[in-house]
Each structure stands twice: as structure tokens, then as C-alpha cells.
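Here come two complexes built around chain A, the first alongside chain B, the second alongside chain C.
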Partner chain A sequence: MVVKTLSPMAVQARADILEFELVNHPLDCPVCDKGGECPLQDFTFRHGYPTSRIDGPRLHFKKPIPLSENIALDRERCVLCYRCTRYYDEVAWEQELTVGQRGVQSFITSQFDQPLQSIFSGNIIDLCPVGALTSRVWRFESRPWDMTHTESICSKCAVGCNVNLWQRRGQLVRVTSRENDDIDEGWICDRGRFDYTDVNDPSRLRTPRINGAKATWADALATVSTGIKGKGAKLGISLPKDITNEEAFLFKRLLDGPLRGARVKMHGRTALPAPIAATLRIKDLDAARVIVIVASDTESDVPIVNLRIKKAASKRGARLIVIHPDGVDLDRDPNTIHIRNAPGSAAAEVRKLASHRLLKSAGGPIAILYGDGLGSEEMADLAKSCRDLADAVGGNVMPLYRATNERGAIEAGVAGWDPLDGIEALLSWGPPPTAGIPTSVKFMAAWDHLPRPENEKADVLLPATTFAQRQGSYTNLEGTVQFLRPPIEVVPPLKESWEVLVELGAALGLTLDYAGIFAIQRDAAAAIPALAALAQPPSPEPAPEPVLIGPAHP
Partner chain B sequence: MADDEKTTDARPEHPTPLRGPDEGIPAHPKGKVPGVGADIAALATGLKTTLGEFFSPQVTLEYPEDKSPRSERYRGRHYLRRYENGLERCIGCELCAAACPVGCILVIAAENTEENRVSPGERYAKTYEINMLRCIFCGYCEDACPVQAIVLGPEYELSDTSREKFIYTKEKLLEPLPPDVQARLQSKAKET
Partner chain C sequence: MSTKGTSDAKDAENGASKGPSDAKRAESPHGTNALPEHVLEEIRELPARYPQHRSAVMPALDLAQEEVGYLTPEAMSEVAAALDLDPGYVEGVATFYTLFHLQPIGRHRFYVCTNLSCSLRGSSEIVEHVKKAIGVREAGEVSKDGLFSYEEVECLGACEYAPMMRLDHEYYYDLTPETITALVVERRAPLSAAAKASRRRTPVAAPDKAPPKKRVPRTKKIG
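Right after this comes the complex of A and B.
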């Protein structure tokens, strides 16, 4: 068969179709946030007519319509391709977005004009081939040609979705997905997409302070080291959930040395223990015939894994078994078997599953995903029961860590799970401890990027970088090590975290002789087998952009 | 004298070496030597030109008291226009900045709200700056603008005391348009 794409007929047909697409289009590219990266614009430029023969009235709608806090809808620009509603229905399993009216009068609308609630809503912005769905978070902030982007990793949860971070004039202006079929398949959740405005907060901390007065880094770190040195178990340390592998490695050196005995609590971490054997990969979920999800609301814990499960169920026919006390969004599959256990009894339910009819005759791989029921489960027992079940029925397990680099921090040996009660000195890195600052604290050093009321009492306040300025790597929940590429420079007096840790080590009397991140990565790779991938960071060269070829106008 | 020799050696070599001390003066080129008559004729020709120019009409001007007339289409400093109702024309689309071959325009857009309406429609330019030191007055920005907001005016005498003052901000660019630009825009509108 020969397909002619350049025959006069084909060229003419393309131009005619594009003319039809533009019958009701408002042609307001100059004020449209998609302008410059809009397929409709590109196709019309390349294949369409230079002028229009349509001079009748165009369809008008009120615009822009806020679909939710984050998304604006412009019905005039919509070409009614139904990608957004189809995504909502088939991929996200939500019914919030739909089409109103029929025929030429059709328009996209949210159900009953209610704001969109789904945590997966932002993907429709990327999907929409025109500027009908745009982000309200970076509305009109920049044109595509003003921004540069770096290929980085989302820092909000342990899935480790690949993202592009876009900056303009030193501000992080947007976050978009970057397809990695092994992990995210091009989707990211709304936390990853919209939760970045703190990076540009004008009140960001920039200089170290001692008792509220500006100080140099040397003085501030000396004060910190006097306050925390030799405290042993009286020293509590709160770690951020997005600590990088490199920082964790350096921090472990401090914990093994001058800060020996300190009690550590990592933000947002689950009670899951370190995996004892090879765990399942996210991409393996595609092939699973039965997926057992224990003690985790995957939609909020690990959103993009939740989309993989949905894909396995709706496109590949996998059966789902959920063990959870409450309703979860996977119940939307009518075939889901939902076992509602009493909180704390998940391990017992898992043991009962070994004789389950579905698992005995699964006819293919079985995936067992388990979380910590937000702390309600006895984790050592649950982890063991899941591993036993996997061995009994021939499957594999996937522990669903929640904190961004929880798995890396566990491998590095810093992911503590301590209530921090009765401590006298506190080093609060990242947001303050969720349980509040213990009243017994006499000395507090806070290392954070935003001023917060909890940090007002801090004796020393150190400015921290954000994920958009940080070099390093995260280990995601399946154990893949992925590298961050910061789009925004660290401008002095701000310092990179590894540099601060090296200097803090010096103040505490421990020589960490590192001049750059690569040396740290080499040593971390040699010291911790799970971080061996750090030895060869991939080249930062971005893949070349595809070039459109073909004739222009008919 | 060993030291002296060293300093001579250390001197950088001249790209086209001067004549050495032992080289003779080249001989005068051979040929006919012009006579006195030819010299006087040349002098007379020169004086004729001088006197001729002295009595011909003057083409130079006593700038800055006198100024030359400029073409109607002269491209000098920029102006941002407003609509008659006072709203700014500029919609912050950044097309001028994209068209500018030297990249001297900075536009940062923002959204109009009911309380703060700067331009018609959804979008306006929160920041609009032109670096006049970089501008080459090509007029591409004016061509690119979809709403004829940015135009080039007749002023060419741009001088100031610091580089910073050459970053023309929105306040400066929104100054009222001189009448001859209005006339030019009207004639341009008639043509198209």
C-alpha cells in the first residue's frame, strides 16, 4: 500500500479540515497561553490557508471560566476533540468533566458546574491541543519562548514522576510532565504540577539569622554546632521528606560522627521497613493479572501508581483486591473486591487471602502493594504477611513509600521514625515537625526556605534551597535513582544544602572533604549498594526536539 | 652593552619592519618630472572648485538650532498608545519582544480583573520596558504588534546621563503621542 501524504488532494484536504476547525475559533492567539506551543497554531501555520473564507458570526461563550482553582476553560477555543473528557473517563476514572449540548453547540463543562476535585485534573492542560484548558497558576506569566526548562524529578511524593521545570528570569513559572514509560507514562498529579509557588515566594529566607539578627553562615553554623553538639539522645532532628540521596549520605556521616545518638524523624515517612528482597517495578503493574492493594489509599499516597493500577484494570483486565477500612477510588471498578478490615488488622486479612480463588488461579503475575494505613498497621507484621503471600501465590510486592526520598533515606540509614519527645535541642530541617515543637526544647535551629510561625522561636534560622535549586537525586518507591536538574541558580548568600552540611560538619569537627556534588555521588555510590547508580549521572544533554517537515500552504 | 642588546631582542617584532639603519633610501621613480605650469594649473582647478561651492546654495544646517526635515515614516523613540477611553492598547502578548532582532523589549503580562482593568480583554502588560541603548530602531516591533500599541515616534535625540535612564519603562512609553505620529498612523491605516 502506498500512502500519499503530499498529493495535491491530501494537501488540499488538510487545509480544508483546518479551515473547518477554525470556523468558530476566536483567533486570539496573542493573549492565549498556549500560543507558541499550540498544535492548532502550528498545523494552521504549516498546512492551513493564510486567510479565512468564514465571515459569518462566530459562536461566543463567556470566558475564561474557572473549572477549578487551578484550571481555566475557554470554550471558544475548544475544538471539541474530547481528549479531556476521555482522559477523565478512561484514565482518571472520574466523571467530573463532560460535554454539554449537542452538535455545533457542544461545550465542555464540569458536572453540574462544580469545581473539579480530582487530583489528576492538571493533565488535561497538557492534553488539550489548543488553549481551551490553561493553568490558572501560571496564567499569562510567560510565553513558551521566554522560558528555559530542565529535566527534573517531582519532589512531592515517592513515585518520582519525571517533570520539566520551567523558569523565566529566575522564577519557577510552571511544571509539566515529562514522559517516562517506566514510571509515569506522561501523567503527573496536581500536587506535582501546581504546588510550586512557594519557590517564588518573595518572603523566602535568604540570609542566616541568629536570634532574629542577620549573621554570617560561619557564625550561624558555629552557633548551631554549639547548640547541638554532644547532646546524644537529647538532640532531635527533623528531616524534610525531599532530602536527596547525597544529603542523606552526608547526613549519615554526621549521625555516625559528632551527632551520634541523635533521634531522627523524617517528614511524611511511612512506617514501612526497608525492603528485604527485590521489589516490583511500577511498569510491572501493566502485566499483572491480579493487583492486591493493602492499607493504602493509593489516590492520595502514590497518585500516579494509582493511575497505573487503573490502567491495568480497565485496559489490561487485571482484577483488583483492596484491603482498606474505608472506601477508595479504585472501588469505581465494579469488579474490585473490597475487603473492609478493622484498622490494624490488615495483616490478618492478607493471610486469609492465600486461599482466595482469584489468587489461586490468577493466570499471570500477581502484584501486592502495601502501605502503612497512615500508621494504623503493625508494619513488620504486615510487610511479612505480604511477602509470605507473594511467595505462596507466586507474586511480588511493592511497598508504597510516601515521602519523596523515603526509600533512599532508608538505604542511607537516616529515615528515622521517632516521636521526638523529651528532646532538648532540635534541628528542624525543612518544615517544622508535624507533631509540633516539643515543649522540652531549649535550643532550636531551623533550616527552612520559608518564614513560618513555628520558626519564630528558633535560635538560629538558616535559609534553605528548594527543589528547583537543588542538585542531587531521589530514589523512588520502586528503587530507581533519578536525578534532579535545577532550573534556578543558587544565588549567595543562599548555599546549596550539601555545602551547608559540609560546613556544619567542619563546625562540629568532622572533615567532609567535598568540593562538589560529583565527589559526594561517587562516595555515596561506593558506600551504599542501593545508590550505585549515583556513580554515573546521565548526561544533562536534553534530547533534540523533533522537527516538523512537509510543505506549507497548498 | 650586553644588556642593551638584550632589550633590543626583547622588543616585539614590528609587523612590517621599518627600514633598517644600513638600508639606503630608494631611488626616485623614473619618468617625466612635472613642470611648474602643471602645478599652477592644479592650483587653479582647486580654487575654482572652492569658489564655485562658495556661491552655490548651502546644504548643511546649523544643528541644533536648525533641524532637517524628517520623513513622515521616520523611526525614532517608541510610544505605547491608548484607546480613546484611556485603556492601554497593549495586551501584553510579547509578540514585539519576539520580533525584536536585538531582544531589547521585556514584557511581563498579567490578568485584567474587574477591579483593575488596564486594557480591554483578559491580558495586559504589567511590565513593559525597552532598552533604548540596544534598540536599532528597525520598527519590527511596530509591525508585529497585533493591536498597533507600540509605535515609533519622530524623536531621535536621545541622550541622558546614565545607562539606567535608557531603559524606558511603561510610564515613559505611555506619554502622549506627538501629533505627527498620529498623522502617520492615519495615513498608514488608509493605505492598508
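Right after this comes the complex of A and C.
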């Protein structure tokens, strides 16, 4: 069969359809956020008639309508393609976005005009082929052609979704998804898409301070090293959840050297042990016949893995077995088997599953996903029971880490979850410890990008970079190493985090002889087998934008 | 829906939760008690009649509308909860069909056919007369006493008696302005119990022409 897409007849047919599409579409491209990346605009540019034969009135609606805090709906621009409602129904398994009325009067509406609640709502902005669904966070901020973007990795959780970070004049103005079929399939969650305004906060820390007074980096780091040196177990260190592999590698050198014995607590750490053998890949979920999800509400822990599970169930016919004390959104599949365990007893329930008829005759691969039940489960036991079950029924496991680079930090040996009670000195890297600052602390150094009430007590305050400025890499929950491509420059007096760690090492008397991130990556690749991918970072240039090719007007 | 901790996986399968069970979804955005328990009970029995349980949404909405008069968000939420569906889905269905009303309507509804046959036989004058008789300006508006509203509808399948209309659950044929006036006057007047009972069964016909008891097929039977 030969399909001709550029024959005069095909071009004419597209032009004719476009004429219908434009019957009610407003001509507000100059003020539309979609302008410049709008498929309807592109097609009209290539095929459309220069004048309209329609002289009747167009449909009018009240606009824009806020669909949620983050999304605005313009019903006049909508061409009723139903991509958004179909996505909501089939991919996200939600019904809160529907079509109201019928025929020519149809419009997109949210359930009883209530704000959208789903954590997956932002994807409808990317899906919309016209400017009907736009981001309220980015509304009227800039045009697509006066931003530049880099291909980076989301820093909010351990899934490691690929994103484009868009900057304009040194501000991070937009985050969009970037399709990687092995990981995210082009979806990102609302946390990744909308939670970035802290990057542009005007009150961001830029200069080191000692007791509130501006200081040089050298003085500040000297004070920090005096405060934390030789404290042993009296020193507590709080690590951010999005520590990069490179930072973790350097930090491990400090922990093995001058800071030996310090107690380390990583933000968002799940207490899942290091993976014993090769674990399941996210893309392998597609082929699974049975997926067992233990002690994790995947919707909030690992949102995009949750979408993969839904896809496996609704499109590929996989059966789901959920072990969780509460209702989860995967229950919406009527075939889901939900075993409601008492908190802490997940491992016992997993052991009972070995004789389950679904797992005995699965007829294909079995995937076993386990989280930590927000700390309610005995993790070593649960991990072992899941591994045993996988061995018994012939499946594989996927530990659902929660902190962004938890797996990388585990491989590097810095992902501690020691209690910080009774420490005398505290190095608070990233947000302050979730349990609060222990009262026993006499010296506190904070390394953060925002001024926070907790940081006011710090003796030394060091400014930190954000995910939009940091070079390095994350290891996601399946073990894939992916590289960050920061769109925003690090402007002095801010310093790259690896540089700060090297200088802190020098102040503590440890020589870390690195002049750039590549040397660190080469050394980390050689030292840690799981980080071997660091030896060959891909080109930082973004892939070229696809260009719509087609003849001009019919 | 099993809410207790189950020890046996097989038991758990039998009692597996179906449809929405997480707190976010079960929680209706509105209050409860728009529909009395006996109506909800009737709605819960509907899905058994259909291959897919969501097909029950139409008769369920019908029951809710009979009860409340029109479909309020609360009523739709309760229908959704009773059928294990999302309120958004139920709302989408309710807005699709013109015979589901989302706004208050009159206790008696005129559905006047304005399709081809009725139009040729003067249904536009009938519509004008209905408007005048019940005192409203446009379709869907409720008369001041709350008794009447009217709608123009497409073919109701009784072209041979055009112009015709449906008033509540009855068809009225060969309409004249006088028929309309009589119907309105009759419904405005306080009724005796006997009259109420009889009204349901006897359609009022045009004075000069009684409606045939049985429809006469006008085409030849094929085959």
C-alpha cells in the first residue's frame, strides 16, 4: 500500500478540514500562549485559505476559565479534539474532566466546575493542540521563541522523568515534558511541572554569611570546617533529596576522611535497603501480566510509574494486586485485587501470595513493586519477602525509592537515615531536617538556596544552587543514570556545588584535586560500578526541534 | 467493599473493592441527602440489568429527576456514588440529553413538536399560544406560579396527528389554541382527587375530531 500525504488531493482535503476547524476559532494568535508552538497555527500557515468564507457570528464563551490553580481553559479556542478528556479517562483514570452538552454546543468542563484535583492534570497543557488549555503559572510570561531550553531531568522524585527546562533572562519560566519511552512516555506530574517558582525567588541566597554578616567563601568555609571538624558522631549532616551523583561521590570522600563517623540523614529517604540484584526497569512493566504493588501509594510516591501501571492494566491486560492499608487510585480497575493489611504486616501478606493462583499461572512476566509504607514497614524483611516471592514465582522486583537520587546516594554510600538527636554540630544541606533542628545543636551551618526561619539560627549560611543551575546526574529508581543540563548560569558569588565541596574538603585538610565536573564524573565512574555511565556523558546540546514539512497553500 | 484487614488472599479477591474506593473519590463535592433512601435503593438495583454497570446511569438519572424535579449537582453526585461512578461522568451524560433538566422547570412541561410535519400544520402558532397561555417568553422559562414550562422538541413520532405535543407523560394530537387553553386552565384549577386520577388516562382531543383509538398503518406491509 502506498499512502500519499502530499498529493494535491490530500493537501486540498487538509485545507478543507482546516476551514471547518477555523469556523469558530478566534484569531487571537498574537496574544495566545500557544502561538509559535501551535499545530493548528502551523497547519493553517501551510494550508489555510488567506480569507475566511464564514461571515456569521462565532461561538462565544466566557473566558478564560480557571480549571485549577495552574490551568486555564479557553473554550473559544477549543477545537473539541477530546485529547484532554481521553487522556484523563484512559491514562490518568480520572473522570473529573468531561464534555458538557453535545454537538455544536459541546464544551470541555470540569466536574461541577470544581477545580481539577489530579496530580497528573498538567499534561493536558502539553496535549492540547491549540491554546485552549494553558498554564496559569506561565500565562503571558514569554513566547516560545524568546526562551531557550535544555534537556534535563526532573528533581522532584526518584522516577527521573525527562523534562525540558525553559529559561528567559536567567529565570526559569517553564517546565515541559520530554518524551523518553523507557521512563516517562512523555508524561510528567504536576509537582515536576509547576513546582519551580523557588528558583526565581527574589529572596534567594547569593552571598555566604557568618552570623548574619556578609563574608567571603574562604572565611565562611573556614568557619564551617572549624565548627564541624573532629566531632565524630556529635556531627549531624542533613542531605537534600536531590543530591547529585557527583556531589554524593565527593561527599563520600569527606565522610571517609575528615568527617568520619558523622550521622547522616537524607531527606525523603525511604529506608529501603540497597538493591540486591538487578531490578526491574520501568519499561518492563508494559509486558508484565501481573503487577504486585506493596506498601506504596504509587500515585504520590512515584506518579509516573503509577501511570505505567495503569497502562499495563488497561491497555495490556495486566492484573494488579495491591497490598496497602488504605484505598489507592489503582482500585479503579474493577479487577484489582486489594489486600488491606494492617500497617507493618505487609511482609507477611507478601509471603502468603506465593500460593496465589494469579501468580502461579500468570502466563507472563510478574512485577513486584514495593515501597516503605511511609515508614510503617520493617524494610529489610519486606525487601527480602518480595525478593523471595519474585524468585518463587519467577518475577522481578522494583524498589520504589522516593528521594530523587536515593538510589545513587545508596550506591555512593551516603544515603543515611541516622537519627540526629543529641548532635552538637549540624551541617544542614538543602532544606532543614524534617524532624526539626535538635536543641542540642551548638553550631549550625546551613547550605540552602532560600532563606527559611530555621536558617536564621545558622552560624554560617552558604548559598546553594538549584536544580536549574546544577551540573551532574541522578540515578533513578530503576538505576538509570541521567544527566542534568542546567539552563541557568551560576553567577558569582554563587558557586557550583562540587566546587564548594572541593573547597570545604581543602578547609578540612582533604585534597580533592578537581578542576571541573568531568574529572569528578570520570573518577566516580571508575570508583562506583553503578555509576559507570558517568564516564560518557551525552552531548549537552538539545535535540533539534522537529519541523513540520509540507507544501504551502493548496 | 472490604475495609478490614484480610488474611487470605482469595477472600480478599472476593471482597475486592470495585470502582472508586479512595477517600478523594468517594467524597462527593456536595452534601448528602438529595435523594431519599428508597430511590437510592432502586438505583443500586439497576446495574444488574445491563452488561456494563455504567449503562444504568440513564434510568438512574431519570429516577433522580422524577424525585427532585430537576438534576441538582447533589442529586448527580448521589447517583454517581450509588452506581460507583465518577460524578463528572454522570454530569457529562446529564448535560448531553435535553430531557435531563439541570435547571428548575415547571411542574407541567409542554414538549411541542416543531419538526417538519408539525411545522407545516402550524406548530409555530401553537408555540406562540403556549407561551401566551402560560405567560413565559422563552423555552425553559418557568411560569410565575411555577406550574408550567415549555420546550420545542424534534419529531415525537406522531406526524399523522400534526400539530402535536407531549404534556408531561401524555401525547396530545391535532392541537388548536383552544386545546392549549383548556389544558392550562384545567391544570391551574385546584383538582379533586377523582379528576386528578382521570387526568392521567384521558388525553384531551381537539373538539371537532376525536383521536382514533388505534393507529391505522398507512403503508403496505413489506414481505
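Observations
Quick note on the criterion: the second predicted complex is superposed on the first by the 545 of 554 C-alpha atoms of A that agree within 3 Å, B and C clash if a C-alpha of one lies under 4 Å from a C-alpha of the other, contacts with A are read in each partner's own complex, and residues count from 1 in each chain.
One rule holds for everything that comes next: contacts are C-beta pairs under 8 Å (C-beta built on N, C-alpha and C of every residue); 3 or more make two chains touch, one makes a residue touch a chain.
Quick caveat, the model's predicted, so the values are computed rather than measured.
Once both complexes are superposed on chain A, the partners chain B and chain C fit side by side without clashing.
With chain A as vertex, the superposed Cα centres of chain B and chain C define an angle of 100 degrees, given in steps of 10.
When both complexes are overlaid on chain A, the residue A:Arg139 reaches chain B alone and has no touch with chain C.
Of the two partner chains, chain B is the only one touched by A:Pro64; chain C is not. In the superposition on chain A, A:Val31 makes contact with chain B only, not with chain C.
Legend: residue contacts after superposition of the two complexes on their common chain; A:Gly327 is shown touching chain C, with no touch to chain B. Chain A has more of its residues touched by C than by the other of chain B and chain C.
Between chain B and chain C, the smallest C-alpha to C-alpha distance in the superposed model amounts to 29 Å. Applying the stated touch rule to the two superposed structures, the chain B and chain C interfaces on chain A have no residue in common.
Per the touch definition, chain A reaches chain B in the complex via residues 28, 30-31, 35, 63-64, 139-141, 143, 145-146. Here chain C touches chain A in the complex through residues 2-10, 12-13, 16-26, 29-30, 73, 76-77, 85-89, 91-92, 95-96, going by the rule given at the top. Contact residues on chain A toward chain C in their complex (touch as defined above): 94-102, 109-112, 114, 117, 321, 325-329, 331-332, 334-342, 345, 349, 352-353, 356-357.
On the chain B side of its complex with chain A, the touching residues are 91-95, 97-98, 108-111, 121-123, 146-147.
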